[in-house]
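Two complexes, one shared chain (chain A), two partners (chain B, chain C).
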Partner chain A sequence: MMAEDIQAKLKNYKTAPFDARFPNQNQTRNCFQNYLGMNIMWLLPVSTSWQRSPDYSKPDFHRCTKVLTAKGADTTPCEWFRRVYKSLCPISWINKWNDQLEEGTFPGKI
Partner chain B sequence: MAHQAHAYHMVDPSPWPLTGATAALLMTSGLAIWFHFHSLLLLYLGLTLLLLTMIQWWRDIIREGTFQGHHTPPVQKGLRYGMILFITSEVFFFLGFFWAFYHSSLAPTPELGGCWPPTGINPLDPFKVPLLNTAVLLASGVTVTWAHHSLMEGNRKEAIQALTLTIILGVYFTSLQAMEYYEAPFTIADGVYGATFYVATGFHGLHVIIGSTFLAVCLMRQIQYHFTSEHHFGFEAAAWYWHFVDVVWLFLYVSIYWWGS
Partner chain C sequence: MAHPSQLGFQDAASPVMEELIHFHDHTLMIVFLISALVLYVITAMVSTKLTNKYILDSQEIEIVWTILPAIILIMIALPSLRILYLMDEINDPHLTIKAMGHQWYWSYEYTDYEDLGFDSYMIQTQDLTPGQFRLLETDHRMVVPMESPVRVLVSAEDVLHSWAVPALGVKMDAVPGRLNQTAFIISRPGVYYGQCSEICGANHSFMPIVVEAVPLEHFEAWSSSMLEEA
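After this line comes the complex of A and B, so read on.
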């Protein structure tokens, strides 16, 4: 039932909803946390598949869904994080962090 | 010939405030000259003049108080207020650096990895040398209190022993800290972690050196019979300063070394 709720939420998505964890004007942490969440999500089912894959340093949304599908897990968390950080984060930040992930210099804990 | 009909001290004209101000000017402009033109001359001149000013000004105060008897009870009260106000101003000085530390560490930015210590920083183990340093300073607080009590009881020998021990502990702290600085895996240039760490602990270390020097002067004075069991404000001022230095370290240790790791 949760899955239908999330699917419904994604379908009706307009922009990032209020998140009580980040109540103040400075939403930097909100953006960063969702970007991390997105990139942790596909690493979480750590066991085998991503470690064998060629360039696991790429925060590949498609890889996220693929990995979670392979595990038979619900893939909607990935999409949710992606939507939220795409709504919140400045594009230059996303590009910078993606480049850092590629280079292996991303400072966040993934 | 008129005699003084009050208990206060009208100080004779002295050149040391002027030389002190001149030293301040030479040091500030000397710093700027060093930054831009690579010459240390003006800075050295300023530092030399500062040292001479301090030595001669405080020597004169000792002459006025200990040898000429100008430090009556009201005068001593004023000196006490002065020392307390000065130490209070130093508390605010350190408060600023603690503010800076907490500002950066309570909400670490994405550039740092959103975590504290920042990604890539290996902080010092708080339970190794820093803990020893804490023990050393706490012990020195005990020895300086022992020295004070000995002084008040007229026990000359023990006062000298306790004061000497306090100074030795102070020097021990300084050398341990110097070794830590040398061996540490991060520098002052290593982001906001390095900046807050070395500026806060560095100024503290400077204050330990100042406090140790103040205590050493008291030791020399005690050996030369300057202090009585009732009147030894110079020593009390040094002891207050020393306790202040100890308390600042405790805050540094808990905040930066322990919580901050």
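After this line comes the complex of A and C, so read on.
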């Protein structure tokens, strides 16, 4: 049921909606949380062997979807987080964090 | 835009700026009335030969000139707080744009659908065409659909800057590592100018902001053409 809600929200997506957890002027954490959410999703425990391959540390929407599919879980949360952080986060921040994730120096708790 | 020897605000292009102008008119009128009264009293005191050596106190006038200022202050505070809360209303934006300050230009990112990003440099005085405004024009404008709630997230890539557009009643500091949110609705189509409002080095005065408000179809056509160009 939650998947249908998210799918409906994604279909009508215009921009990141108001998030009551971040009601004030400083939206830094809003951007960061959604980026984390996107990249945390694919770290949920699964047991498929491809995860032990060398580029497991490379996060992206595809791996998030892949992991959740492997789990048999619904993948729409990945897309929601991705849309929201793409709307909110500066491109340079996203590129920097992606590079850090690749190098293993990302400061966030994943 | 601003005019030479301008005294008042630029014409409002957003509902918030209209409110701010009305509030300013109201408060300035109070200030003028008080100043006129004080000036009158001073000239009256200075230009009379009458003296009064026996006055000791006066409860009545003391009460009046305590209560009356309190009332005047309330008359200023109530509209002020109304506007403060109005600006803080939860809004539901249709579009998010990121304005990133650099030394010495702004860059704008429209990433709700595709990744559209471009830089906006000031047009140098020698490159202006007739009719353009010195130190205000840029090579790329921040185009925005009119009558749509827009969210702007302001940040900086190097030092402090500040993103300001007076006609919209908007000013927001650009702080490296921080994402500051502001929002507005532009009531009418037009071109609105602003300038960097936080000292940021040698060319702080030469990194202006230009917002162009157009009907939605024009905005869509513009964003498609910008994506093709990139």
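One rule holds in what follows: the second predicted complex is superposed on the first by the 104 of 110 C-alpha atoms of A that agree within 3 Å, B and C clash if a C-alpha of one lies under 4 Å from a C-alpha of the other, contacts with A are read in each partner's own complex, and residues count from 1 in each chain.
One rule holds in what follows: contacts are C-beta pairs under 8 Å (C-beta built on N, C-alpha and C of every residue); 3 or more make two chains touch, one makes a residue touch a chain.
All values reported here derive from a predicted model rather than from experimental measurement.
*Asks:* So if we stack both complexes on chain A, do chain B and chain C clash, or do they fit?
*Replies:* In the superposition, chain B and chain C stay clear of each other.
*Asks:* Count the residues of chain A touched by chain B and by chain C, then name the partner with the higher count.
*Replies:* Chain A has more residues touched by C than by the other partner.
*Asks:* So, A:28: does it touch chain B (first), chain C (second), both, or neither?
*Replies:* Both partners, chain B and chain C.
*Asks:* Could you look at A:86 and tell me whether it touches chain B, chain C, both or neither (first, second, both, neither)?
*Replies:* second
*Asks:* Look at A:108 in the shared chain and tell me whether it touches chain B only, chain C only, both, or neither; answer first, second, both or neither.
*Replies:* Once the two structures are laid over each other on A, A:108 reaches chain B alone.
*Asks:* Thinking of the overlay built on chain A, is A:16 touched by chain B (first), by chain C (second), by both, or by neither?
*Replies:* second
*Asks:* Minimum C-alpha distance between chain B and chain C after superposition, to be given in whole Å.
*Replies:* 8
*Asks:* Where on chain A do the contacts from chain B and from chain C line up?
*Replies:* 28
*Asks:* Spell out the residues on chain A that touch chain C in their complex, using ranges where they run on.
*Replies:* 13-18, 23, 25-28, 30-31, 83, 86-92
*Asks:* Along chain B, where are the residues that touch chain A in the complex?
*Replies:* Against chain A, the touching part of chain B is residues 107, 109-115, 118-120.
*Asks:* In the complex formed with chain B, which residues of chain A make contact?
*Replies:* 28-29, 32-33, 36, 93, 97, 107-109
*Asks:* Considering the complex alone, what residue numbers of chain C touch chain A?
*Replies:* Spelled out, the residues of chain C in touch with chain A are 90-96, 98, 100, 109, 111-112, 115, 117, 151, 153, 155, 157, 172, 177-182.
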